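Read through the structure below, which is laid out as structure tokens, and then see the notes.
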Amino acid sequence: MSATTTAAAPVDTSPATRRHPGALAPLRWEIRKLRAQYRAKAVLIGALVLPVIVVVVIQGQSRPPKDTLFGRFATDNGFALSLLVLGFAAQWVLPLLTAVVAGDIFASEDQHGTWKTVLTRSTSRAQLFWAKTLTACGFAVIVLAVLATSTIVSSVLIVGHQPLTGLSGQTIPAAEALRLVAASWATMLPAMLGFTCLAILLSVWSRNPAVGIAAPVVIGMVMQLVGALGGVEAIRPFLLTTPFEAWHGLFADPRFTGPLTEGLITSAAWCAVCLGAAFVMLRRRDITGG
Amino acid sequence: MNDLLAVEATGVTKTFGSVLAVDDITIRVAAGEVYGVLGPNGAGKTTFLRMLFGLIRPDSGTIEVLGKSWGADGVGVLDGVGGFIESPRFYPYLTGRQNLEGLALLDGGVRPGLLEELLELVEMTDRADQKVGGYSYGMRQRLGVAASLLREPRLLVLDEPANGLDPAGIRDMRALVKRLANSGLTVLLSSHDMDEVEEICDNVTIMKRGTVAFHGTIAKLRTMAPDPGHLLATTDDTRALALAEQHPALRVTRDPEAALVVTGPTPDVSAYVAALVRNNIDLLTLTQTQTPLEALFFMLTDDTTHQTLDRPAELAELAEAAR
Amino acid sequence: MRRTILVILAALVAVIALGSAVVATSGDTSTVTRPRLERSLTTNFANQYADQARIQGRRITPASLHAKAMCDKAGAENNDVGPGGDWNCLMSWTDPEVPMPPEGYGKFELNVHSNDCYTVGSPSKLTGFLTMTDAEGREVTNPVFEFDGCFDPNGDNTPTGVVFPSLLAVASTTITPDAHGNAGVQLTCGSGAKGCAGTIAVTAGDTKLGTMPFHLAEESTQTLQLPAPVPDGAAEVTFTVQMSTGVGPPKPVTLPVQGS
């Protein structure tokens, strides 16, 4: 090594008085890392481009997909088409999009063996935990916004903005329909954040990015399946996929928002339980790898 | 300030499942000294250092670093500490510079210009803007040193810093550690290499299976070192063996590989060799088996040698020292 | 990795077990109920029907239809609760240009999902087929033929009180007497309140064979023995239904005799 000795750390016999990182420093670091990852960029580009492709493909179908809500109007009404895409996205796309980041954000430190690198600095485990959680949630918000905007804009531009037939058979004027469609996409956020927290828990617990990403999607599909079964409807309010259907009430006349409120509570409970468990797990963990 | 201990670990114990990794060890490192923790792989060195950094929670015992403890100060314990455990790891998709910048963020900022100085110091300036994923082992090791010094630590903890480096890299790394030590930094170094510790350290703790096998200065260690062993091959080993009886200070035995093993003080070995030549026994080879400290290290850390040692008095002394 | 998969499986099993326990202890807690379905269906249908009329160039307000529905799930003996593809709804409405059939209602088939949404298949005799002709003569989709809707799971659950009589029909298409001239006739009673009851007067040509009383539960089928043997040489048998409960065929039903 070079003879540059000037950089050798100075002798410091004063008591340790080190600057401590501000609350936002770990968050800035997480965001910087996320921006450097191809995966995050690929997800955002996918969220931007795929809806356009889906819209074009569905619009070209001679028979509308009637078995999904609003599917029967999808080929000649842009609002119906964006709601059809919404229903489809809620099945597994939204959990997947958020899990790509949230399921990886803790486990990737295990994968790269970097826990010891970051935990030997002046940032506590709690600070890192919240920085990662906020980053994952922020990413969920952004990816949902991109997906929603891309879907709504492309379906309205490509298919059109005719008045929409609501779920009580009423006719909804185009301007109102646009507001309701946008609001419906926005109501996906609580449950999507619920899946983000679930992915975080699985990421912390499994220490394996593949599990962190795939398991929330699988669990989401199982919950979807269980929720669709007759006879076990008593557990529907506890499923994280139920809030994904709460937007239906916005298109009924009279409008009902009970499921939206219940969905908010369900999602918040899932978040609290998952984050609490993940936090305790991370705090108590012995970092032996890397 | 000199009475402040850089590290004061008392009665630290850690088990993983049924494996006792660290068993009630006590280590005190004074400010300003270069301290070695020596032991074979699996002796518990790394577990101890991980506990020092708070990566692992001890089952019992306390660890104070520069007068702070995890219980009272949380992550503040690490305020004056820098270093790495095993081989340093970084984010492969970021460049070396980005990695250091990020770690500086987690440190709460860094003195302007320090990052460049450190890259220069570890000779990584040219490669700093390449992704770490493409770095060699030695480059990552050097980046790890830079990342540790970025904290401007008063206690530098290095876990096997020369591990996996080529001979030139080992030489450079030792030179760097020495230079850092000379600047007044307290250095806690773990190693499985006696030479390294002997060259750099003032004090040493030798660990064996989670316990302390020796604790003291290098000078004290040297006095306890056994006489060097030599491997001797001659034209007539049988006569050579017979001649050995005239040299009571030496112990000469027949090696399974048909050579002789000569153990004893160096002057006596010389006299013996001269006697062999005088008796027309030619020397084919004469090689030193181990350095004295190496021999001692193996004695201290290898269970199987204990039974074959023929110096019970010294062993007892070792056991005393370990206490 | 195997540990991970095992734990995930165990978690799923636990969730499902917990779910089953919840279900077992909570009983019938489905939000899919008859009153909610009846209320939602009538509103939804009235809107769709008015839309259909608009396409045809007619002006009808949803309110003027006075649509009323009575829904029923999978036969009389079951509770009218829970999702399924076996919901039937009888609905009446008022459109001067499309009179109701004699029984006074049309039968709609519903597939109701656990998420409180449903798909309705309409009786095409009353509401038309998949496509229809609009006021300008173009082929367009008929909004009423099949439509979707959702109802509020917390919505009004008090019974609507709408009741329609069951419809009795003669299911047999021929009368086949045995060697002694004895024969049977099959009757079905459709969805509706209280089932079907009354008497049937049977004649073969000019010969009166007598009357048969009947009592059928809602959505059931029954075979009645003719009160007397069919005379040799009779070509057909006529049944004249007199209903005391439910509605029956307004005109006498005549069936040919086979095998004589």
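Every chain is named by a letter (A, B and C) in the order it is written, and numbering of its residues begins at 1.
Convention: a contact is a pair of C-beta atoms (placed from the backbone, for glycine too) under 8 Å apart; a residue touches a chain by one contact, two chains touch by 3 or more.
These numbers come from a predicted model, not from an experiment.
**Q** Would you mind checking which chain's C-alpha centre is most distant from the centre of chain B?
**A** Most distant chain from chain B: C.
**Q** Quick one: most central chain, C-alpha centroids?
**A** When every chain is reduced to its C-alpha mean, the one closest to the whole-protein mean is A.
**Q** How far is the middle of chain B from the middle of chain C, if each middle is the mean of its Cα atoms, in Å?
**A** The computed centroid separation for chain B versus chain C comes out at 88 Å.
**Q** Quick one: report the Å distance separating chain A from chain B, using the average Cα coordinate of each chain.
**A** 48
**Q** List the centre-to-centre spacing of chain A and chain C in whole Å, with centres computed as mean CA coordinates.
**A** 44
**Q** Okay, in this complex, where on chain C does chain A touch?
**A** 1, 4, 8, 12, 16, 18-20, 22-23, 26, 29-32, 40, 43-48, 51, 62, 82-84, 113-117, 141, 143, 146-155
**Q** Would you tell me which residues of chain A are touching chain B in their complex?
**A** 1-2, 4-22, 25-26, 28-29, 32-33, 36-38, 112-124, 284, 286-288, 290
**Q** Using the touch definition from the top, list the residues of chain A that touch chain C in their complex.
**A** The contact residues of chain A facing chain C are 66, 69-70, 72, 165, 167-171, 206, 208, 211, 215, 218-219, 222, 226-236, 238, 242, 245, 248-249, 251-253, 256, 258-259.
**Q** Which part of chain B faces chain A closely enough to touch in the complex?
**A** Of all residues in chain B, those touching chain A are 1-2, 16, 31-32, 47, 50, 53-57, 66-68, 74-76, 78-86, 88-94, 98, 102-103, 105-109, 114, 117-118, 120-123, 142, 147, 149, 151-154, 156, 172-173, 175-176, 179-180, 183-185.
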